[in-house]
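The same subunit A turns up in both complexes below, where it pairs with subunit B and then with subunit C.
The block that comes next holds the complex of A and B.
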């Protein structure tokens, strides 16, 4: 390397490619993927829901990107509608799960030994039960449909986040810097606001975002085996289970594109969750 | 005068005493050494004196009175400053959580203003120990429990920090220096207690 290269001033370099920019770019890409689903679903309106029997089971073409199904529905529009339904289930279920997790974690760490034992028992019990079986039971007991799926996914996804938040609160409560803060005469209210929250909010946010893919995949799984969303709605699980009858007849596009899109949506959320985690932590040197 | 009267400590009524009926007096402006084998309860005694833990028996008094609530006049400082500073805070906020030192106070402990917008993992261990020391020595602080605060530092930094602390002691700060380093205690302390 020459001297000129070593002494080149940092200012004046138009774009500095570093880890932080890459992380922000990945996070934005994930967010725009989700935005496309929401905007697309609104733009399509009833397109993809009304049947068109003149265009049944067409392979992918420029007119129908993902082909059409046995009723002549455009599969691209249907996939977007399905993803939006998944998003909606994901938003409600993940938010409810996070609220339950936060509530239980605070209960466990502030209300004494017995509350902690009770919460730990609940977490162990909920984690010990087979996930899908529990989901099927709850959804079936509530009579199926979108609401039943939301409730089932919401009340089964809090244990992991509860455990993480509980551990984090316990760790901070005994941290030297909290003890020091108390020595400087700060109230527990101040410590909670300025020491606990900055550590807990990123955990909560990342936990919330990473619950989405779980919720969406379980919604699709539940619907696929017939215990979830009504078969009249264009959910991804419905599309996939409908495609099973036609896959053997060579209509590959009915299963491939909805499944691929679901994976892409999950990856979008993963990118956002991972980006938030890296950006919120000063030790990752990306602040 | 910071005093421990018959101070005892154990973690639960079923476990043996870690400290039993310890008496200790630390005058303002005095540097007292505290030494003893590992696990004998030196740090526990320091934390009891600073009010971080509650004694199982006995009491701590300052000039015969109960230590006040709020800003503790007895500050305890640990060997590792990394744990004593919030990793999500910048140095300016870390120091100013306790008080706002002026340039002269910063100069005493060679704390540079250029560190102020960094995070605690972005300065070295020795630098962070100076930050923790500056933070602890607020105007309200009357006594400092220094628990091996310089044992992780190089001899030069060690000498600098103790020179600054001796200067503070001459101005009236009482210091309990907990250390395994007998040479250091011989040099700085007016008397050494072995636990």
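The block that comes next holds the complex of A and C.
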């Protein structure tokens, strides 16, 4: 870029307000949304699990914000329980996925050319398969249930992060500060701790948070088509597939609210992930 | 430069073959690991009437008494020679089931693919031409929210609004119930196609829009765009002649790479609308333990998606020769 690039911002781009504060606010809003789900699910306890046959299929009202289902379950409580279940699956699956990604990225960058080729092939293979088909196959192999969903989601979501981490490690390895540090006689262990980790940890954290939405959405989808969490648990996918039977009878609230809440939860994670990414990345410095 | 194109394409094809073989092995292993017993799944409710000798007979007839590697060898050999086996749930050869399902799914997926490409590209160009205006903000918010929306939920909402609430569209299936397949008119087919199509299209738009927008913003800040503006070309003129043209090929590569998502979406959408397509067949095969069909669907989808990814990869290099150069540097550190 030459002078033209430097002078361009003058051409009528309005001066922006403090973006960093907006980013921090969005991140906090996302975090509080998740806190509400966790606290709410603890506060509701067994409410929404126990049936109440005196209040079946009621439309939304002040007493039942999201209405009630065919067993008289309060849908608001059930949705919160479902979101907590999604959170739980998402946390475990995304963490496992990140661990796989870190392991493979280190393998690809430290164990020579063949390891690198192997990892690239694995990444391509995992990206080449349609996620949902692989999820169905894995869930089928493990016989369904919560642990099958966790494994299936964990095993399918590492490729993108692996690619990012691999590129990052390669870039740092050829960076001048690493070469200089090596030539001063520091061991790879020291260099790894003092030069690689500070660069990789933010990437890993952001990658982890940005994996959540994918993990949660895939879990819900898998559960919805019947390969996921057991039908006895109030997962969002179960709530929605149950609602299918009552939608044509005009019970729209059974389908609308659980899905909407799931979208909000995913947006919370997106807000946190993007916030962390912007705050952690010095190249996106915000003033 | 042009001399290594044949090599590149050849390596991609070899890679594709390896990938398919690997997927075949993995899929077969996963199916073998399943706790669903194929004989039980086949018998269904008749399980109480069948003695152990007969079960053994069935198992032997299917070759289930042989080791898994032998079974895999036979199956793989058969697949290579074009015989995909018999589907137990549909009681027909897998190839026939697949052909019928693809016929139903192809219009849905193809049209959704094209429409989401066109719509996403247009929205991206409009948003990227004037970044940080209200149009841009609305389009961006729309794309972000859509990217976080579960496909099947959107399909449910469409169903509630248009089929149940307004009674404009049918509730399920690909054709009216109780009408013979040969009597179904094209209009009726379209009528049943429209909601699944909208659900799939609307979701596919998000990614293309965001990619195109980012590219457009970059182009509109470039020197040649500034020069064109200085010469008196209008913003729309620059956006169409310089922006859209340069953003088109990246958008197409994204479109090819998004095939996997499209299939995932179509599985869920078909499930909501009970649309008898490929995705619904996959779900049914999985639930009823119909291994040959499940494997065939997995292989078939992998083939299509990987070919899409390979095309995207090659297109990338055609569009931007620098990508190839960077890759070479990385490969040989």
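Simple rule for what comes next: the second predicted complex is superposed on the first by the 263 of 287 C-alpha atoms of A that agree within 3 Å, B and C clash if a C-alpha of one lies under 4 Å from a C-alpha of the other, contacts with A are read in each partner's own complex, and residues count from 1 in each chain.
Please note the rule applied: a residue touches a chain if its C-beta (ideal position, glycine included) is under 8 Å from a C-beta of that chain, and two chains touch if they have at least 3 such contacts.
All figures in this text were calculated on a predicted structure; none of them were measured in a lab.
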item: Partner chain in contact with A:255 - subunit B first, subunit C second, else both or neither; value: second
item: Partner chain(s) touched by A:198 [first = subunit B, second = subunit C, both, neither]; value: first
item: First (subunit B), second (subunit C), both or neither touched by A:35; value: neither
item: Touching partner for A:176 - first (subunit B), second (subunit C), both, neither; value: first
item: First, second, both or neither for A:136, with subunit B first and subunit C second; value: second
item: Subunit B versus subunit C as contact partner of A:221, first or second or both or neither; value: second
item: Which of subunit B and subunit C A:243 touches, first, second, both or neither; value: second
item: First, second, both or neither for A:21, with subunit B first and subunit C second; value: neither
item: Touched subunit A residues, subunit B compared with subunit C; value: C
item: Partner chain(s) touched by A:124 [first = subunit B, second = subunit C, both, neither]; value: second
item: Residues on subunit A lying within both footprints (that of subunit B and that of subunit C); value: none
item: Subunit C residues touching subunit A - in the complex, by the definition given at the top; value: 15, 18-19, 22-23, 26-27, 29-31, 33-36, 132, 144-145, 148-154, 156-157, 159-160, 163-165, 171, 221, 223, 226, 259-261, 263-264, 267-268, 271-272, 282-283, 286-287, 294, 297-298, 301-302, 305-306, 309, 330-331, 333
item: Residue numbers on subunit A that touch subunit C, as the complex places them; value: 4, 8, 13, 116, 121, 124-125, 127-134, 136-143, 167, 170, 173-174, 213, 217, 220-221, 224-227, 240, 243-244, 247-248, 250, 252, 255-256, 259-260, 262-263, 266-267, 270
item: Residues of subunit B that touch subunit A when the two form their complex; value: 50-52, 69-72, 75-76, 78, 80, 83-89, 97-98, 119, 121, 135-136, 138
item: Footprint of subunit B on subunit A - complex, ascending; value: 175-177, 179-186, 195, 198-199, 282-283, 287
